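Chain lettering (A, B, C and D) follows the sequence in which the chains are written, and residue indices restart at 1 in each chain.
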Amino acid sequence: MELYLYTALFAPIVGSLFAALFGMSKKNIIAGLVPSALLFVSWLASLKLLIYILGGGEEVHVELMTWMATGDLYVPYGFIVDQVSVTMMMVVTTVSTVVHVYSIGYMDHDKGFNRFFAWLSAFVFSMMVLVMSDNFLGLFIGWEGVGVCSWGLIGFWYHKETATWAANEAFIMNRIADLAMLIGIFLVYWNTGSIQYHEAFAAMPALDTSVLTAMGIFLFIGAMGKSAQFPLHTWLADAMEGPTPVSALIHAATMVTAGVYLVVRANPLYDLIPDVGLFIASLGAFVAMFAATMALVNRDMKRIIAYSTLSQLGYMFVAAGLGAYWVALFHLMAHAFFKALLFLGAGNVMHAMHDELDPFKMGDLKTSMKWTWIFMTLASVALAGIYPLAGFFSKDLILEVSFVEHHYILYTVLLLTAGLTAFYSFRLVALIFHGDDRHTENGVHPHEAYNFMLYAMLPLAILAVVAGMIFKTPYYEMVTQVLPAVEYHIHNHTTFWIMTIGTQLFVIASIVYAYKKYAKAVKVDKKVESGLLYQLLYNQYFIPQFYEEYFTKTYRELSEMMWKLDMKVVDATVDGVANVFHGTGKATHEMQNGNLSTMLRWMVIGTVVLLALAAAFTFGQSEGVVKMLSGLGAI
Amino acid sequence: MMEITLQHYLILSTVLFVIGLIGVMRRKNLLLLFFATEILLNAVNIAFAAISSYYGDMTGQMFAFFIIAIAASEVAVGLGLLVLWYKRTGKIDLDTMTSMKG
Amino acid sequence: MEAIAFYTFAILTTVMFLITVLTNHALYALSALAAGMIFISAFFFMLGADFLGAIQIIVYTGAVMALYAFGMMFFDTTRTVVESRTSPQIIFGLSGVAALTIVAIFVAPIISGNITALYPAIDGVGNSQMVGMVLFTKYLIPFEVAAIMLLVAMIAGIVLAGKKMDQSLTLMKDEVECETKEKENV
Amino acid sequence: MLDHILSILIFFPALAAILGFIVHKDSMRAYGIIVATVEFVLSLWLWYSFDASISGMQFMEQANLIPAFGISYLLGVDGISLFIIIMASFFTMLGIATLTETRRIKDLIITLLFLQMTMIGVFAALDAILFYVFWELSLVPMLLIIGIWGGPLRIYASVKFFLYTFAGSLVMLVGMLFMAYFYYQATGQWSFSLLEWYRLILPENIQYWLFVAFFFGFAIKVPMFPFHTWLPYAHGQAPTIGSVILAAVLLKMGTYAFIRFSLPLFPDASVFFMYPVAILAIIMIIYTAMVAYAQKDIKQVVAYSSVSHMGVIVLGTFALNVEGITGSVFLMIAHGIVSGALFLLVGVIYDRRHTKLMSEFGGLAHVMPKYALIFGIMMMASVGLPLTINFVGEFLSLLGFYKQSHMMTLLAGTAIIVGAIYMLAAYKKAFFGDVTKEENKNLKDVNKTELLGLIPLTIIAIWLGIYPKPVLEPINNSVEAVVQLMHDKAISPEAKSTIPSIVKFETQEAH
C-alpha cells in the first residue's frame, strides 16, 4: 500500500515540475495533458487506498525521512492514510482531476497555459501533503504550500492590479492565521512533547483545560484564516480575481475546507473542550448567515458563489464545533462536488460572455448554453438541499445535528440561511439563464464550451446528484472508525417529518420566489437599492472598506512614520553623537591658532590641571579611592 | 627666628617657578621668553638641591647638575635657531610665528 | 644666621626674577637674570652643595649669560621692548593657582614623609668629591650622554647661527625671486 | 595537512591576495575565481573530515603568541562555526565569480581575499585576542569595498560603518581584558583562551557588567535595534558584492559571538538579560519590518529585512535551549543564503537599469520571467515558507523561545506576517502589473554568469529546507554541549531552571 500512498502523493508534484519545465515557453498542450494524466494516476492510487480502507484495511502509516531533529524535537516526513485522510484524498484528487481537464479547455488561449498547470498541480501536491501528513508540522507544510499556490494562482494574471492585490491580501491574511496556527503547534509541542498526531492526542487528556483551550483556540484561528471565517473572510471574495478553475478547485472545493479538515483531524482535542466547540459552531452559524446575506444582492457572479462557499463553510464549522465531525466531513465532500461544478459552470458562462461577471448583463443563456444551464441548475439544487441531491443529505444533517444538540438558535439561523441559500442560488441561475436577453446589446454572442470540458464536468454533476444518497452509509461506516460515531436521529418521527418537509417546503418557496422575481424581465427597484440595508449588504457590511481604512492605511502610515522615526530619531541620535565629537573638535580647533604664545598659555593651563589632579589624588587617598584605582589597574 | 626647613626652600622654589610661569605667559619677545624658561629651570634646581640636602641623598644634586647641562645646551641651540629666525624674518616676536596654525 | 641669609637671598632672588619677567628693557632683564642666578648659587652653598653652586655661577652667569648678551647685541634689543599685552588676569590667576597647588602638594605629609635616601651622602667626604663619586659610578652613562648632548648642542648652535653670517637669508631669498622675475621679464 | 587545515583556510586567501599584486589585471578575475574555488573545496574538505558526532572543538591548533599574557594562536571549529566558515568561502567564491564590477577589479579581488581571511579567522579563532584581531581586521576590507566601489554616499556610509562598529568593539575589548584579568585573579595566570575561560565561573554581578560590555560589541555588529542604522547606509551604498558578503557573513559575526562568548561565559547574566534582549529583538523584528515596508528602494527593503531576520536569530539565541539556539544557528546559515541571494538579485537589476527604485520598475515578470521566478523563490524563502531554508531556522527559533515566553513569541511571530507584507508588496511593485517604463521593455533576462551564482543558492535554499539534517545534526550536537555547559555553570537557581540540562537521567537521579 505504501507504493499507492507515494504515488497518490507525489504524482501531482511530478506533473507540476513537468509543466514548470515549459513554464517560460509558448503554450504547449503537453504541459496540460501530462499533469492531468498524472493526477488521474493519483486519483487511481487514492481509489485503491480507499477500497483498501473500506475493505477494513489497517491505516497506512509511513515515514519518508527525518525533516527536523534537534533537542527533543523530532519531525519526520510522515504520512498517514486513514479513514479521514482517504476521504479528503478522494475529494481532492477527484475535483482536481476534473478541474485539470477542464482547464485545458478553459486556459486554451491564455499565454500562461504551462505556468498555470505548474501552479495548479503544485497546489494539489500541497493539498495532498496537508491531508496526508501525520503530524502538525507536516500539515503546516501543506498549509503554507496551498497558501503560496493560492497566491500564485489568484495573481495568475499578474498584469492586473486587482489580481495581484487580491493575491497579496489572501496571502497576508492567511499568514495572520498561520501565526496563530504556529503558536498552536508550539503549545502542542511544549505541552505534549510531540507534534505527531497520535502521540500528541494521546497526551492531551492529561493536560490542564486552560492549556487545551488555548491550543484549541489558536489552532482554530489558523483554521479560520484558511477557511475564511469572519473576520478573516474578505480575502475569499477578492480571490475571485483568479482564473475560474482556480476558484473551483482552491476556493471552493479544497483549500478553504482545510480549516474544517484541521478541526476534524484534531477531534480528540476539541472533544475535550466543548466550550471552544460551541464557539466554533456559533461563529460558523454566524458566518453562514452573514455570507448568505451578502450573496443576496451582489452583482458579481463569482463573488456570489464565493459567498455561498463561505456560507457553506459556516455550516461545516457548525457541525464540527458541535462534535459531529463526520457530518462536517461529509458536507465538506458533498459541497466540494457541487460547488466545483457550480464554479466550472460559471467559468463556461464567463468564457461565453467574454469575462463579463455581472449577471444583470446576461439573461436567457439557456438557449445557447444548454448543458451549462443543466449543470448549474443541478449544482444549485444540490446546494439548496433538495431531495435527493447531495446537499439534502449533508446539509439537512447539520440542521438535525444542531436540533438534536438542543442549540435551537443555531438551528433557526441555519434554517433561515438555507432559505437564503436557495434564494441567491436561483437568483443567479434565473438571472443568467432565464429572463430576457440582455447581452446581445453589448455585442456578445455566447457559445457553449468545448465538449470535453462538459464531459469533464459530468463526473462532478453525477456526484452532486448521487453523492449523498449512495455514499452516506458506507461513508458513515468507514469514517466512524476514527471519528466519534454519533448518529443524529430525531427520535420523534412526527417532528422529524415536520422538520424535513418543512425545510424542503421553505427552500422550494425561496427558489420559486427567486424565479418569480428574476426569471422575467428584470426591474431594478431604485427604492430598495438606495435603502440602508441594501447598501450595507452590497458593500459587504463595509468591512473591506473598514479594513482598508483602518488596517491597511494605518499600517502604511505607521510604516512611513517608523521610517521617519528611524531616520530622524534613531539615526539622528547616532549622527548626533558623532556630531558632538565633530563639534568639540571644531570648537577646540581655535586652540590651534598657531600662536606660540597662546599655546604656551594652554600648556600652563594643562600643567595646572595636572597639578590639581595630583593634589586631588594626594588628598583623596582614602580607602575608597585606593580601591577604585587598584580596580582600574591604575596603581 | 625659626629654623629654615625644607618647606621654606620648596616654597621659595614654587614662588620662583611661578614667576617663571608668569614670564612664559607674558613674554612675547622670544629672547625674553628664554629668560623666563631659565627662571623655571633654576627654580626647580633649588628644589632638587634642597631635597638632596635635607635627605642626604645625592640624586637631587645629580639632577640639578644635569638640568644645568640641559639648560646650557638649550640656550646654545635655542639661540642658534633664534638667530636663524631673525635673519629670515627680522622679527623675534611670538605673535608673528603662526605657521603652525592648524 | 642661616634664616637671615635665607630670607635675604630669597627676597633678592624673587625681586631680581620679577624684574626679569616684568621689565620692558631687555638689558635690565638680562642683568637682573644674571644677578638672580648668582643669588641662587648662594642657596646652593647654604645647602652644602658647593659643587653645584660653583657650576651655577660658572655655567649660568659665565656662559649662558654671555651667550645671551651676544644674542642681544645681535638682535639689537637694547631699546625698549614693545610687546602686545595679553590680559594679566589670566596670567596671574593661573600662576596663583599653580603656586597654590604646588605648595599644597609640597606641604602634604604623604609626599614628604615617604622619602628615603637612594645614595646617602657619606660623612667626612667633601661635596665635590661626593658628586664625583656618584657621577662617575651610578650616573656615568647619563653623564656621558650629557657630554655628547652638549657637544651636539654646540655644533648645532654654530651651524644654525653661523651659516652665512655675512649674508641676510631674507635678502638672499628675495634676490632669488627677483632673478626669476627678471628672467621671466626678459 | 588536515592538522593545519584551519590555518590553511585562513591564510591561503591572504597569501593568494599578496601574490595577486603581481598578477596581471586581465587575468585577475580568473585568478580570483581559482583561489576562491580552491578555498571553497578546502572548506568542503573540512566539512567532509568533520566528525559530526563530536560536540567539542575539532582541528584544534595552538601556538603561543605572547606567553606572558596567555595570548595564543588557538583555532578550532565545532558544528556552530563550521557552516558559517563554509558559507564564508562559498559566498566569496560566488561573489568573485559573478562580479560585474569593472573598476579596479584587481584591487577589489585582493580586498575580497583579505576579507575572506578575516572572516574565516573570526569564526575559527578560539583565543579572545585572536578573535578580536580578526574581528577588527574584517572592518578594513569592508570599509574599502564600500568606500571605493560604493554609490554616491559611499564615504559617509563607509565611515559610519567603520566608526560605529569599531566603537562597539572597543567596549568589547575592554570586556575581554577584564575577563582575562578576572581569570588571572582566579587562577594566577593569564589566559585569553576561550576554552580556559569556559571553565571560569564568575560571580553574578561581574557577569552582568561583562555581559553588557560584550553586548555592545556584538549588538552593533548584528545590528540590533537601536544600533542598526549603519546597516541601511552600508547596504545602500555598497556594491553588490559588498552587500552580499556583509549580509551573508559579516552580520553573522555578532550573533555567532553571542553564542560563543556571551552565553557560555555568562549564563546567569544571559538569563538575567534574556527578556530585555528579547524585547529589543522583537522591536527589531516588527519595527524594521515596518520600515522595510515604507522603503522605495528595493535594496533598502532587503537591507531592512535583514535586520528583521537578525532579530529572529537573536531571539532564538536567547531562548537558551537547544531548539532555539540550534534554530538560530541554522537561521544564520539560512539568512546568509537567502539575503545573499536577494542582494545578488537586486544587483542583477541594478546592473541593467542603474537604479534600485521600485517605482522605476513594474511588470518585470513579463520581460524577465526567469529572474522573476528566482526572485519569487527567494522571496518565499525569505518570508519563511516551509520546505525552504528559512522556515527551519525561524520555526526552531520561535519554538525555542516559546518555552521562555508565550506573549513575546506571539509578538515575534508577527515576523511571518510583517515579513510577508513588505516582501509581497515589494515583489508586486517590481514584478507585477504592466511594463510602464520604456526602458524596461527590452531588459535582458538573467544571463549565464548570474545564473551561475543564483542557481546554486536556489538549490541550497530548497535542499536545506527539505532536508536540513546534514547541517542541523552537527549544529545540534555542538549546541547541546553549549547548553549543557551553561546549565552546569549557572549559579542562581533561576538560571539553572531556565537553562535546561541535556543529560536527562542525571537530573532524574538527583531528584
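Just so it is clear, contacts are C-beta pairs under 8 Å (C-beta built on N, C-alpha and C of every residue); 3 or more make two chains touch, one makes a residue touch a chain.
Since we're looking at a predicted model, the values are computed, not measured.
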{"item": "Chain occupying the middle, per Cα centroid", "value": "D"}
{"item": "Centroid spacing, where centroids are CA-atom means, of chain A and chain C in whole angstrom", "value": "95"}
{"item": "Length of the line joining the C-alpha centres of chain A and chain D, rounded to whole Å", "value": "35"}
{"item": "Centroid distance [mean C-alpha coordinates] between chain B and chain A, Å", "value": "91"}
{"item": "Gap in Å, rounded to a whole number, between the CA centres of chain C and chain B", "value": "5"}
{"item": "Numbers and ranges of chain B residues touching at least 2 other chains", "value": "21, 25, 28, 95"}
{"item": "Sites on chain C at which at least two other chains make contact", "value": "86, 90-91, 94-95, 98, 102"}
{"item": "Chain pairs that touch, as defined at the top of this document", "value": "A-B, A-C, A-D, B-C"}
{"item": "Residues on chain C engaged by chain B in the complex (per definition of touch)", "value": "2-4, 6, 10, 13-14, 17-18, 20-22, 26, 29-30, 33, 36-37, 40, 43-44, 47-49, 51-52, 55-56, 59-60, 63-64, 67-68, 71-72, 74-75, 77, 81, 83-84, 86, 88, 90-92, 94-96, 98-99, 102-103, 106-107, 112, 115-121, 130-131, 134-135, 138-139, 142, 146, 149-150, 152-154, 156-161, 163, 168-170, 173"}
{"item": "Contacting residues of chain C [partner chain A, same complex]", "value": "86, 90-91, 94-95, 97-98, 101-102, 104-105, 108, 110-111"}
{"item": "In the complex, chain D residues that touch chain A", "value": "160, 163-164, 181, 225-230, 287, 290-291, 293-295, 321-323, 326-327, 363, 365-366, 369-370, 373, 380, 383, 385-387, 391-392, 395-396, 398-400, 402-403, 406, 409-410, 413-414, 416-417, 420-421, 424-425, 428, 431-434, 466-469, 472-473, 475-476, 479-480"}
{"item": "Complex contacts: residues of chain A adjacent to chain C", "value": "597, 601, 604-605, 607-608, 611-612, 614-615, 618-619, 621"}
{"item": "Chain C-facing residues of chain B, complex", "value": "1-4, 6-12, 14-23, 25-29, 31-32, 34-36, 38-39, 42, 45-46, 49-53, 55-59, 61-62, 64-66, 68-77, 79-84, 86-90, 92-93, 95"}
